[in-house]
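Same chain, two partners: chain A is paired with chain B first, then with chain C.
Right after this comes the complex of A and B.
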């Protein structure tokens, strides 16, 4: 049985070296498919014996992507394309890019010409996802992804395999939800370590990640907590940058829960295993909510964040706003209002993947802590 | 002309298309206000929401995008953008949205007023930003939001699955609107509206196609103004008649060798993107002073919908320029470039429009190579005056002119 520190180091290694993970899978003879945010039907990919790997960009300097994107497209899209052009995804069989925001639509179109050796597979989600016709459209889009995956990898799809994958993903979701609850009880786990655990999920087969997370939960149960920190909620697309997360740790802040797309938003909804497997997957998407890229006419996400803060007795909400992400920018105003009504302090810190100087963010956070 | 000497006021001929088109826009805003004053429920509507729905139901709506463009052209873009920014909206958000949200907050905007809505009609075939913008309006005003989701199509052709999905939303929208307004749907009226809309679209597309003549009988920038009618009144007989008048005028101009482009047409270009409304005069003068006429724009096509039946209507709304993949969008533009003998491409990299600008570098490269025309771009914004540099625009347009000139020399 690995010790807590060994487990945390393992999560860190995996989170920080996706290339190593990719090469290890390729050496095992597995085929890998890149999955672009915010939601990709990973279950389909997994069910075909392929390894889905998250592609959320990286904190790198942009050079090649500038030939395709103007400067006002978010750094997640820009850096995914940059990595593709630089050959960092070499060996990957295909990339699935959903079109849930305008910049994602553009990434798919640019990819075809910028990275010709890795096939682009579009995933078109409906925004009116709840009515039957919306579910039918989701299903038709999944069928198209299956056809493209079969063509790109030579692997075959079966409903029975998907049923098994749905189960594996539900188990992983449950493990991640439990993990979030356990971490809330363990302020000694730093913001960077918390990120490592969530981030590593994108670079591993989910059954392997579930096993590691279960070990971690077990190891944490042996830890007697003495530390106490100021609890906050994080919200945004990404909370990935070391420099930024260290500010939380340096100032004694604990991320008690998150509404981050790269983290907990992924694990809120399960597939109903009673349904036929593909239908079940479409049904899952229809029930997903509280996200900036999913149609939300009543702006329920704002209330969701307030409830999250109340549930975990968080002192404040930290909005990590990815620069040029307009879905998040629109939501921010509603989230800010809902927090103000509920008397919950809120701070917005603009982030991107080219951030090198965190002084301003640090100063803002200090002022915010004074308010708490 | 000496100082103090006044220019005679130019009176527009009441039988001219220009007069009729201006009247339609004025009447449109007036009618919505009157409906609101009568206590009828009125809506705000996305520019590419299927207008056949509310025209059939006899519901009055107005268009925040048209309003924002008018406000920006009249110099108030920055003032309204700053109102939204003070509320917490990032200055990176689409300026039309910022202007519209500001108008919603203040309720009155003298540069172009519009009554506040009782419901909003959203269609995202132009961008997903529309959804977020309308969500916030609906929440702030506590009013219903009807969304017809037309996803970006990654394929060349529109799939049957997409048609079925959009069709079902179309029917749901009718039911929702009947419920909100108490008005009733009539299949007969729908047929009539479809016929009128086709008639208007045919006249509009035929008129805009007159830029194919050399020299062109029109200054392409005229289309940017006329487009407001194609957006807001496509389903009305007045609009059909006004565009038919416009068509007649262009026909006559070709016969007589006249043009609304008041300079010698030395070069013919395609202008890509939404107009830079706050700097319309600067951008237009920068072209005209060099004898450059804009004879090609995909924007004209964006509001002409030709179809035979209900399915055709759905497919037409799925096939608007911003809902198409790169290849389809490129081929449409290349066809226009060829038809109009365009000699250069000037791209407005529009800070407000991520979707329009996000794959334009690659697409314009391909158009330039395939059509063998020079391509240049400038940074600007459809409504926020702060995102445009006159010096950069001048330099870029000058560069384009020099290449076009040199190409002409080569061809002679």
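Right after this comes the complex of A and C.
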């Protein structure tokens, strides 16, 4: 049984070395498919014996991608293209890019021209995903992804395999939800370590990650917690940068829970295993909520964040707003208003994949703590 | 008891000595900011003005961009908290502070007890900061302190439409080439800063009384333009640039 520190180091190594993970899977003879944010039907990819690996970009200088994108566009997406052009995804069989925001649509179109050796598979979601027609649309899009995956990899799809993968993903979702609850009880786990655990999930087969997370939960149950920190909720697309997360740790802040797309938003909704497997996957998407890129005329996400803060007795909400992310910017107004009405302090910190200096973010966080 | 607050900004260093947490005994301002000998000189100057020796200071607090670099400080606070504290000490009726410094602008909303309830900072952009004025003064071959006088002579403001400082520089050069009057151009430059920061203020929500702090607040041209942008009077204190250091001295008093 690994110790807590060994497990945390393992998560860190995996989170910080996606290329190593990719090469290890390739050496095992496995085929890998890149999954671009925010939601990709990983279960489909997994069910075909392929390894889905998250492609959420990296904190790098953007050069080549600027040939394809204007300056004022999401840097997560720009850095995905940059990595593709630089050959960092070499060996990957295909990349699935969903159509969940306008910028992602541009990424898909640019990918075809900029990275010709890795096939682009579009995943087109309906705006109205809840009605039966929406579910049928989603299912039809999944069928198109299956056809493209079969063409790109030579692997075959079966409903029975998908049913098994749906189970594995449900188990992983449950493990991640439990992990989030357990971490809330352990303020000694730093924001960077918390990020490592969530980030590593994107670079591992989910059954492997579930096993590691279960070990971590067990190891944490042996820890007598002595530390106490100021609890906050994070919300946004991504909370990845060391420089940003160290601000939380340096100022005694604990991320008690998150509404981050790269983290907990991925694990809120399970597939209904009673349904036929592909139908069940489409049904899952129809039930996903509380996310800036999932159309919701009632914008329940704002209330969700307030409830999250109340549930965990968080002192404030930290909005990590990805620069130039229109969906998140639209939601911010409602989130801010809901927090103000609930008397919950809120701060917005703009982040992007090219930030190297977090001095101003640190100053803002210090001032925010003074306000709490 | 004497406490010292040192505000190490991007372009200037300011220091304030406070007696018993109330009376401003001495102040200093050196035009050299973080990473220079400015902070040391500001401390030397304020001690000399107060006729005090370093050992007579009970507590020292640092604020501003360079706050983490001040050796022998007893503590540090963000410039946002210090500006709020300093302004509330001198102008307790103020509910909105517009602080324009050398390289950023901040808008702070204060509660009746002086506590900061909300704030916004502009970052990553020189437009709407002291740096913008420095660049423009350089092109016009004016001293920064002359901008106010020039703006007052304006008969017809020339609008600067570019958001970006670099593009605005080209725009100003083009206007000069077109033969526009320098006072009209300076008034346009002041209005440009005011309109950008006023937009930031409106995002926070402007509650009266509004005051300006920071180095740019000394420029009457920008203050006047800000009043026009917001449609209200702006309260101003000659201590505007020293509010951060004053706030730090107050925090030092709390902790001593």
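Keep in mind that, in the parts below, the second predicted complex is superposed on the first by the 372 of 372 C-alpha atoms of A that agree within 3 Å, B and C clash if a C-alpha of one lies under 4 Å from a C-alpha of the other, contacts with A are read in each partner's own complex, and residues count from 1 in each chain.
By our rule, a contact is a pair of C-beta atoms (placed from the backbone, for glycine too) under 8 Å apart; a residue touches a chain by one contact, two chains touch by 3 or more.
Fair warning: this is a prediction, and the values are worked out from it, not measured in the lab.
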Subject >> Which of chain B and chain C A:134 touches, first, second, both or neither >> reply: first
Original post:
Does the superposition put A:126 against chain B (first), chain C (second), both, or neither?
Top reply: first
Subject >> First, second, both or neither for A:53, with chain B first and chain C second >> reply: neither
Original post:
Is A:359 touching the first partner chain B, the second partner chain C, both, or neither of them?
Top reply: second
**OP:** Please determine whether it is chain B or chain C that touches the greater number of chain A residues.
**Re:** B
**OP:** Would you check which partner chain A:367 touches, where first means chain B only, second means chain C only, and both and neither mean what they say?
**Re:** second
**OP:** Could you look at A:72 and tell me whether it touches chain B, chain C, both or neither (first, second, both, neither)?
**Re:** first
Subject >> chain C partner contacts - residues on chain A that touch it in the complex >> reply: 350, 359-360, 363-364, 366-367, 370-371
Subject >> Complex interface listing, chain A residues touching chain B >> reply: 67-70, 72-73, 99-103, 105-110, 112-114, 122, 124-128, 131-134, 136-137, 140-141, 292-293, 295-299, 321, 323-324, 326-327, 329-334, 336
Original post:
In their shared complex, at which residues does chain B touch chain A?
Top reply: 87-90, 92-94, 97, 124, 127-129, 131-133, 135-136, 138-139, 145, 147, 149, 151-155, 159, 161-162, 164-165, 168-169, 172, 325-326, 349, 351, 354-355, 357-363
Original post:
Any idea which chain C residues touch chain A in the complex?
Top reply: 65, 77-81, 104, 115-119, 121, 123-124
